[in-house]
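Both of the next two complexes hold chain A, though its partner changes from chain B to chain C.
Right after this comes the complex of A and B.
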């Protein structure tokens, strides 16, 4: 009967109930939907970071990270390859790259770029580049002169498909190596900076230009599950001596992204709290109003012998129903909004320059994280009941005589 | 056997800086099975006395004994228990819980007492039949007339066989015919079930129904007469 009483009580003033429920619904929706957007942003930051030539684990020459010069190349890639074939799970993929700083120039412009020599076939399954070609074709194995550049770079250099681009860098002898390539493909990346920074040639072409023999700059590994990155990296460290090799996970390779991810966790929970504070005042106010309207009734209940704690329980039950109803609807609305935007996302290209600075994408796809949903609902339910305790205790403290004399 | 004993009961209210002597020194004994009216004009102290006997309010001094238990020394929680198990209340108005039906209102006290649901239902329907509300089980207070509401309140007050039923001006909001019907019914319950009734009133008709009439004036017992 307590539950029935609570349920009927919340519908005594349907308009007020609907108003407070709407506040809860909007609050929960905002928590879930905006939380999912923030998760989407951070997920995409990680994905962009990983797909932009990072992978889940990388192996370099021990000195490469500090000083990414050609001298710090891996001399014996076969040692690394042997270690990989021993340690990597079967569903992992990997590729080797040559990566050096270079100067690109044509008749109109010149500027610094990162020259990336790739194995076209292996690279296709690992980084973004294979899918990012918008004009021309992807590189073919053994292509000696083909180069792929980003759209933004092509614009900057006022060049296009089929034109020449000259790359200059230091070779293994310390001399300036220079080679002319022909643009065979143009790619579009999530971020404009990526388009401006990277140019891709085949690993054979890069080695030839830089007189590298069979040396490589890095091995990039993509695992089926990114959560295994630490374990795989540890295993590799066990086999590859740290004097010669440097094995790092994506968290170590992308320290900014890792820091932002942690910050986002806090942002999301802070966001939940801020929404709740706004909503909490509404809850307290409504329940206080409902309590003051029913003072005589609480007086009667106490006169009949109802203990103060039962009155607290009764009001908290009413509040529980309000919160649960609001939460169910808020969750439903939140999920619907997320699913509605699952394919199209939210296009923020108008703000893309500012966004890219932080490594964000042009289009945000909301992502639902179970832990956020649980946290949002717990915040609303637990804090909602806590703030309802104030009017509940107030109601329980009226003496029957005073309460029944109330007009 | 006395069920209620009041000795030198004094109650002083403070209203700002003014002291109001609601009860100056009340001495009163009420026997089991009594049907007693506390009569007097408004402000005479009859409701205050009823509240103190019912454990709804504390006296400043004096002693109040209910069935041998001194109640003016009890804590709030002990008083709540006392009210729940030993006292039935009928108030002038706002007697019923608006969201519960007549039957549920009667069951409610038994629910607080922990009576099993089947027994609750059985006793509540029986008592509603007794007070003539056979057809009104499922009606909510708003769907009942004033007289019917008071009957439900009486049914609720006596359903768990309390030591006494305290009724504060139970007919004040009723027309005279309905009020008379209610008094008739209360007296019938008093005779049939031997429940002690104490009620406050300033209505002559109600006083006429009482077997004992105690006049309270200015916080004192002014007159006490048996009417047979």
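Right after this comes the complex of A and C.
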């Protein structure tokens, strides 16, 4: 009976109901859609970070992170490899790299880069580089002189495919090692800084240049599910003593991204609250109106023996219907707009330098996060009912005689 | 007071609870917008000023193409001539010259590629914050020659401390090999990793000797009295440069050209902020639309009587519209007052956003943010609320026009 009464009551004044429902719909839509956009931005940041050579978990020499030089290489890669094959789940992939700061130069320019020696086959399944080649070819195992550079770097150096590039760095003896490479591939990355920073050669070529034996600078591990990163890292720490090895998850490796994620979390919930407050005033006002124009009716009901609590319940049910209808439509609209943009995304290339500055990629794809959807709907429903309690209690307090005399 | 205003005013307080709630909704929206816009503008100001002070200055004179390529051969050949022009521009606060070269810097056991910059110590201290960023050791003195300031992270990587020697190897202006030995005099830290890891500063005169610059520099950096003066300085400087540089080799660049990343990210932030505010205000508008609607519909009978006794619909509409506008204006004014007070409080005390310090320092920003209350931030915020609310008020008022006195009077 309550349900029926409440339902009929909200349609006694359809225009009013539709107006306040529109407010709820737009509010819920704004929560879901803008939340999804922010999640999209932060997801992409994480993915970029992970794909740009980070992986989910990395193992280094204990001193490498503070001082990334060639002396701080892992001397016995076979120890790490044995640990990896024991601990990693079957569907995880990993690769070894040599990584060192170097100076690249050609006849006209020189600049600092990070030289990355990779195992072409293993690397292909782990980082972005295999898919990012736009010109020329990817490295082949054992290639001694091939080098892959970013588009932006090639531009800056006025160079192109097939030209020579000399790399200089410090070798294991502390001497300056230099080696000439030929550009066999050019890659394009999400971020221009990546294109400018990294150059790739085979791990064999890098070792030869730096006079390394079979040492490596880092192991990068990609798990099937990034949520397992902490557990895998803990397991690895159990086997690899922290005196000589440093095991880190992507959260520790990308502090900037982790900080941004935290701030976005905070920001999304703040946005939910702000939008709710904006709706809240409308909800209270509408229910108040609906209550006051029915004062006589409530007086009569009470005179007939309706308990005050029932009146509260009745009014809360009305507001519940209002909120639920608005939420259903708002959610539907939110999901629709997210799906509409799922393929094309929002292209902000026009502001690419600003995006780069803020650490974002050029195209934003909204991403729906279940916890945001739940949070948004809970905020609206619970707080919505809470603010409706004020008019509901007002209505329950009318004394029958006064109320019936009200005009 | 005309009768319409009186009527509108009394009508507002006929249902005071409803009016107060509506006003509160508008106050909330206005307050939030004033605060948020002030906060955004404040952070832009800090961002620009910090970046300008650490890196570029407000305006620079460079050789055409130098900014993109950083080629050591693209020089400003006669900085003194440029200085003579700058001297006569009243809006200029300070100016200096710099020269840069990408070089290999080695300590006893490490080698890194860095950007070596030649600075004029005394003049540089007036233009940039470099002097204040020196955390250990001392800033360069005017008569210093083979001394260097090293970024904190770089010093750590190179494993050098105050007094240690650095060997510099690079390519001179004429293409020959340039080499020198520098002594670390000070270690600076800006908080911005890229800068602290990648730069070494040395006296300009000695730099010019080592790199065979023959008196030339790469950048003449000008700091204006304020951001607003930049346009004027750029214009006057541009005119002056054309008179000494007939080939058009030199260009005058303002900070927006020098740091396009900052300008674009400000645009991005502003646009995304505005989109959010408009959505928010639309939600508020629908929230208060009901109040405006009810104010009209519950008085149908009354309007019928008024029209029947001779009130023209136009006058009635005016009085109703006045009612909505008054509610809106009260809300906006209270919103501006409370928003300004909140903003003012934080402008004095600053805001620390938890977890954001890390992000901010990478943009070279201090941890504590200060909103900047300005006529612009207040008027934009209030303006958006005013426009959308007034639009909301128009719809119910238009409904009155179709009122027929007889039918209206019979309405319940």
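Here is the rule we use: the second predicted complex is superposed on the first by the 405 of 407 C-alpha atoms of A that agree within 3 Å, B and C clash if a C-alpha of one lies under 4 Å from a C-alpha of the other, contacts with A are read in each partner's own complex, and residues count from 1 in each chain.
Here is the rule we go by: a residue touches a chain if its C-beta (ideal position, glycine included) is under 8 Å from a C-beta of that chain, and two chains touch if they have at least 3 such contacts.
Remember, it's a predicted structure, so these values are computed and weren't measured experimentally.
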If we overlay the two complexes on their shared chain A, which of chain B and chain C does A:400 touch? Say first, second, both or neither. first
Regarding the shared-chain residue A:168, is it in contact with chain B (first), chain C (second), both, or neither? second
Partner chain(s) touched by A:156 [first = chain B, second = chain C, both, neither]: second
A:259 in the overlay: touching chain B, chain C, both, or neither? Say first, second, both or neither. second
Could you say whether A:347 touches chain B, chain C, both of them, or neither, answering first, second, both or neither? neither
Have a look at where A:176 lands relative to chain B and chain C in the superposition and call it first, second, both or neither. second
Pick one for A:278: touches chain B only (first), chain C only (second), both, or neither. second
Which of the two partners, first being chain B and second being chain C, lies in contact with A:225: first, second, both, or neither? neither
Larger contact residue set on chain A - chain B or chain C: C
Once the complexes are superposed, what residues of chain A are shared between the chain B interface and the chain C interface? none
Taking the touch rule as given, give the residues of chain A at its contact with chain B in the complex, in rising order. 1-2, 4-5, 8-9, 12, 296-297, 300-308, 310, 399-401, 404
Can you name the residues of chain A that touch chain C in the complex? 15-16, 19-20, 22-23, 26-27, 30, 34, 66-69, 101-103, 108-112, 156, 168-170, 174, 176, 255-256, 259-260, 262-263, 266, 271, 274-275, 277-286, 288-289, 292-293, 348, 351-358
Please name which positions on chain C make contact with chain A in the complex. 15, 17-18, 21-22, 24-25, 28-29, 32, 68-69, 71, 102, 104, 109-114, 156-157, 171, 198, 260-269, 276, 279-280, 282-284, 286-291, 293-294, 298, 353-356, 358-359, 362-363
For the complex, give me every residue of chain B touching chain A. 51, 54, 56-57, 76-77, 80-85, 89, 91, 94-95, 97-100, 104, 107-109, 111-113
